[in-house]
Amino acid sequence: MTSDSPRGGDVFDIDRIRQIVELMEQHELSEVDLQQADDRIKLTRGGTALPPAMLTPPAPVTAASSPTPASTPPPSTTTEGTDAPGTVTINSPMVGTFYGKPNPESKPFVEVGQAITEETVVCIIEAMKVFNEIPAECSGKILEVLVKDQEPVDFGKPLFRIQVDG
Amino acid sequence: MFQRVLIANRGEIALRVIRACRELGIESVAVFSEADRDSMHVKLANQAFCVGTARGADSYLKIDQIIAAAEVAGVDAIHPGYGFLAENAQFNEVCRSSGFEFIGPSPTAMEKLGDKNTARSMAIAQDVPVVPGSDGLIADFDRAESVASEIGFPVLIKATAGGGGKGMRVAESPEVLKSQLEAARNEALAAFGNGGVYLEKFVERPRHIEVQVIADSHGNVCHLFERDCSVQRRHQKLVEEAPSPDLPDDARKAICDAAVRMIAGADYVGAGTVEFIVDKDYRFYFIEVNARIQVEHPVSEMITGVDLIQEQIRVAAGLPLSFEQSSLVPQGVAIECRINAEDPTKNFQPCPGKITSMFAPGGLGVRFDSHATTGYTVPPYYDSMIGKLIVHRPTREMAIATMKRALDELQVEGISTSVAFHHWILNNEEFLSGSVDTKYVDRAYQGQS
Amino acid sequence: MFQRVLIANRGEIALRVIRACRELGIESVAVFSEADRDSMHVKLANQAFCVGTARGADSYLKIDQIIAAAEVAGVDAIHPGYGFLAENAQFNEVCRSSGFEFIGPSPTAMEKLGDKNTARSMAIAQDVPVVPGSDGLIADFDRAESVASEIGFPVLIKATAGGGGKGMRVAESPEVLKSQLEAARNEALAAFGNGGVYLEKFVERPRHIEVQVIADSHGNVCHLFERDCSVQRRHQKLVEEAPSPDLPDDARKAICDAAVRMIAGADYVGAGTVEFIVDKDYRFYFIEVNARIQVEHPVSEMITGVDLIQEQIRVAAGLPLSFEQSSLVPQGVAIECRINAEDPTKNFQPCPGKITSMFAPGGLGVRFDSHATTGYTVPPYYDSMIGKLIVHRPTREMAIATMKRALDELQVEGISTSVAFHHWILNNEEFLSGSVDTKYVDRAYQGQS
Amino acid sequence: MTSDSPRGGDVFDIDRIRQIVELMEQHELSEVDLQQADDRIKLTRGGTALPPAMLTPPAPVTAASSPTPASTPPPSTTTEGTDAPGTVTINSPMVGTFYGKPNPESKPFVEVGQAITEETVVCIIEAMKVFNEIPAECSGKILEVLVKDQEPVDFGKPLFRIQVDG
């Protein structure tokens, strides 16, 4: 689930470590653990880590079909630490099967590079025989599709990475 | 037998069901809220699906999300555990209509037994003694007055849809009957959206004795003897034991047989508990049936050697029970202490938070069922139980000695637990003599350590 | 009864003794090396004394320091556990002469049974079958040759002071007798400073079956039935179970009775184990007596419900055993897997180090005796066992299923453990059929997972 | 422990490790754990992460009656991290009872402020009815007596704090 992995290269790079440590200090982080394949950077400060409940969860961008509009955190919480500023993810508002296309023959709802508005339907998630159209709920550009067609997804699963406008 | 089972629950009971599945060679599928992402039941299951945000209403109670997970995972059956959706007849129905076996009784049996008033009538029909009272709901005050004078004061006013003490009132005398009746009605209406109440004789100093029963679809109904759960605080069980420390053999036989009659007459398949109150003369009265597995089922497992969760799964799959009544010979004494993230010196106020260090007790006769471990954070969203400490020894005296040392050994740092209460009760004269009634703790315990 | 007991040991057995003391209301006093300062037995004891630096020879084997600690703490008795000083007759003697009860047999009994040759003569005197061989030490090669030709090849050459396979050699034929004899002598001399060896018939495909015995000072000698410890690697036990998976009732009775005769004839007070090898026709031969508690004692506790450590303490205090032979009825099947900090894929190379995260298994039928927990560092100075996983279920099939899932559940991160080996053996046909002999693992296991 | 020791050659780069340690001290990191393929650097400050054997033990100053002369670490190991430079402790070489005086009537062997030589007897430790005279084994000045008369002491228990000469 953690998406903050080093951009490859030499994990022993002191400058990067210093930057991370300064980040930790100024942001009161108790631990940083970065890994990618065999690469790993883990830094710990002081004693206990924050309880998960207090960590920012991977939360859904509010969607019409969201089961929990009330408890949906603000969109900003879907910004990912290591991403360039202004990028968010659209997360699944439900458990189900992801469909990138309206039907097997037709082309995908959206493709990488495509501009989207809040109303743009980005995919369908099928659950209990119901096909739920998922609107983007934000406007910008598709940077990446994070799941494969017909892949099972659960609540909060990141589906698309978006470069938001402005 | 099933290939794959989804567990619609969390915490220690989710772990308990995973254990039974593994031993039966069944794959387990967990569901979890965002607050439980790092929880042990998620780690130990073969698959796990996040079904919503932290609050139970947004995750573990989301029927559509749980059914969707069952479909995506392709399971054969769903185990509801206890609490959450375990006694929700609608969920039961949806599971079956979606093509998943529900590991528990039919929705009909669940509904009938779930309604106290219907259950009472069924008990009477099966010649199971009930507390004298209004056979049916109390329409108005006049009716209440006549019934009360007939069975004699004090009388207990109970909500027909009630549970956990809500919508329950005692009227000591005719003067307070009206006010208590209205109080009960309003509380019931608020809590259950159903203001129906009934009257019964108020049994003083009652002990809570329940019988573990399980039935298969081949007509076999067996009991696993009784549990004494009289150590309660505000109707919440804290310590349970099997067998009861004070029950003559003839009374034991009578109460167990009554429980079997009750279940046999309810067209029931699965595990269930028939609850009774017992007075000082060992007269017992039917209270209710819990149509699910219960928190305290391990004490019955310990004295019989039967794995109740495995049997639940077997009978749900249409297999017969793996044992016969005659093969069950209770061995020794088992006691369970519920370890809650609560501070007994502060009126049992819940204290969620991170467990900075934990050591689980071991040794002869000790069983510890817990999803907690060093580094685990007890979330504030769910019930505060972090584990069940169970001991099993040849005698009650030995069992108590083993429980005391296991409680000393259990180390949980970072949060408060109910261990201090358990030390108090295990050293309490009333408890040692086996004469604790269900109100005793409320009368005698004020946070002593 | 004793007021305070010192435990001259570390690790899980120190914890085990502390547990027994607590349940008996006895204060426990721990000793520890600097390497064990943060160990669980130090935390759980009422008092603890550092007796030296890390190496066993500088701490747990320092008789003067341990006695000094006993004096400063003012204890009544000393429990030696197993290993370290447990079978050291001199320590036993010093304890008693310093005014402390030694929880174990008398120095004389310990010494006599500790010498294999003397023990063999005692067995013959008690009509306990022994492996045919030289009744006494082998003076020279000629004597060896005549004995060998008399009992027939292959013959086993064993050191009289031996143990753990040291100074043990098999001579398949007359040609290699001389060379093997010298090899055994030299190895024995180097290992024990005693080159005395004897000959016996080499039993092929032997199974290791031992009988748990305990005797009080009132003339009562009881057995707690047998344990099968045939799953060994290089003479080190890895898995033990009770009862033996393949032993007819008449053979079981005969072997248990023989063990009782052996102990009854040795003027023995305390717990002990009489070890036998058993051939394919269930003929059994006495091997040795372990005059102490053993690592694998829990499997006997599980099937009998008897707390062996508490009984050890009782009889050392002069009390009679708390049970009679006739009251012991073995229940179900118990299996123990030794969890070692070893890498079975790397020839069981020890791997001490820090346990970064650990989850102890729980649930029905599971007992986990361990001093390890998250954050514990396994020191490189002592044996590599970090815990004992024990299961107890009504049948062997159930016990194996429970053991498998408990092994899956046990999570130890930061170091390697022997769990992979246990998965292999629990799925092994020979093991499942109960026909494993003491050489089987050495023949069949090459680090499979 | 072997898993804690880096294998790759350049992982041993002292400069880098020093830099990391400086970062840790200056920023109060409790642990740094770097790995790449088989390479790993794991540094931990404080806590219990180091195996006890690798911690500086409260070890005995060699005494005639020391049970473990062979295993007795050099006196330098008795320097305590928190002490001013040049101070050491004399630790008990055995389990027993501490006596500061030769007998109840007489005055203590040594008192605070008193100068001592290596031969100076600083106390008696009684064990198994034997009264063992403990020599200072270092020369300097008594700064503090750390145990009470007739107090039980175990192996390695600090008895005196000493300001060493030179």
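Order of writing sets the chain letters: A, B, C and D. Residues in each chain are counted from 1.
The rule is simple: a residue touches a chain if its C-beta (ideal position, glycine included) is under 8 Å from a C-beta of that chain, and two chains touch if they have at least 3 such contacts.
Keep in mind that what you see is a predicted model, and the values were worked out from it rather than measured.
Any chain touching chain B that also touches chain D appears here: A, C. Taking the mean Cα position of each chain as its centre, C sits at the greatest distance from chain A.
If you average the CA atoms of chain A and of chain D, the two centres end up 52 Å from each other. Distance between chain C and chain D, defined via averaged C-alpha coordinates, is recorded as 37 Å. Centroids built from CA atoms put chain C at 56 Å from chain A. Mean C-alpha position of chain B lies 43 Å from that of chain C. Within chain C, contacts with two or more other chains are made by residues 375. Residue positions of chain A touching 2 or more other chains: 47. The touch graph of the protein chains shown is a ring with every node of degree two. Of all possible chain pairs, the ones that touch are A-B, A-D, B-C, C-D. The residues of chain D lying in touch with chain C in their complex are 1-4, 48-53, 57-59, 67-68, 71, 94-97, 127-128, 152, 154-157. Residues of chain B that touch chain C in their complex: 15-16, 19, 22-24, 40, 43-44, 298, 301-302, 305, 307, 331-332, 357-360, 362-370, 373-375, 393-394, 398, 401-402, 404-405, 408-409, 411.
Every residue of chain C that touches chain D in the complex is listed here, in rising order: 34-38, 49-55, 58-59, 62, 64-65, 67-69, 71-73, 98, 351-354, 375, 377, 379-381, 414-415.
Per the touch definition, chain A reaches chain D in the complex via residues 10-12, 14, 17-18, 21-22, 24-25, 38-47. Chain contact summary for the complex, chain D toward chain A: residues 11, 16, 19-20, 23, 27-37, 41.
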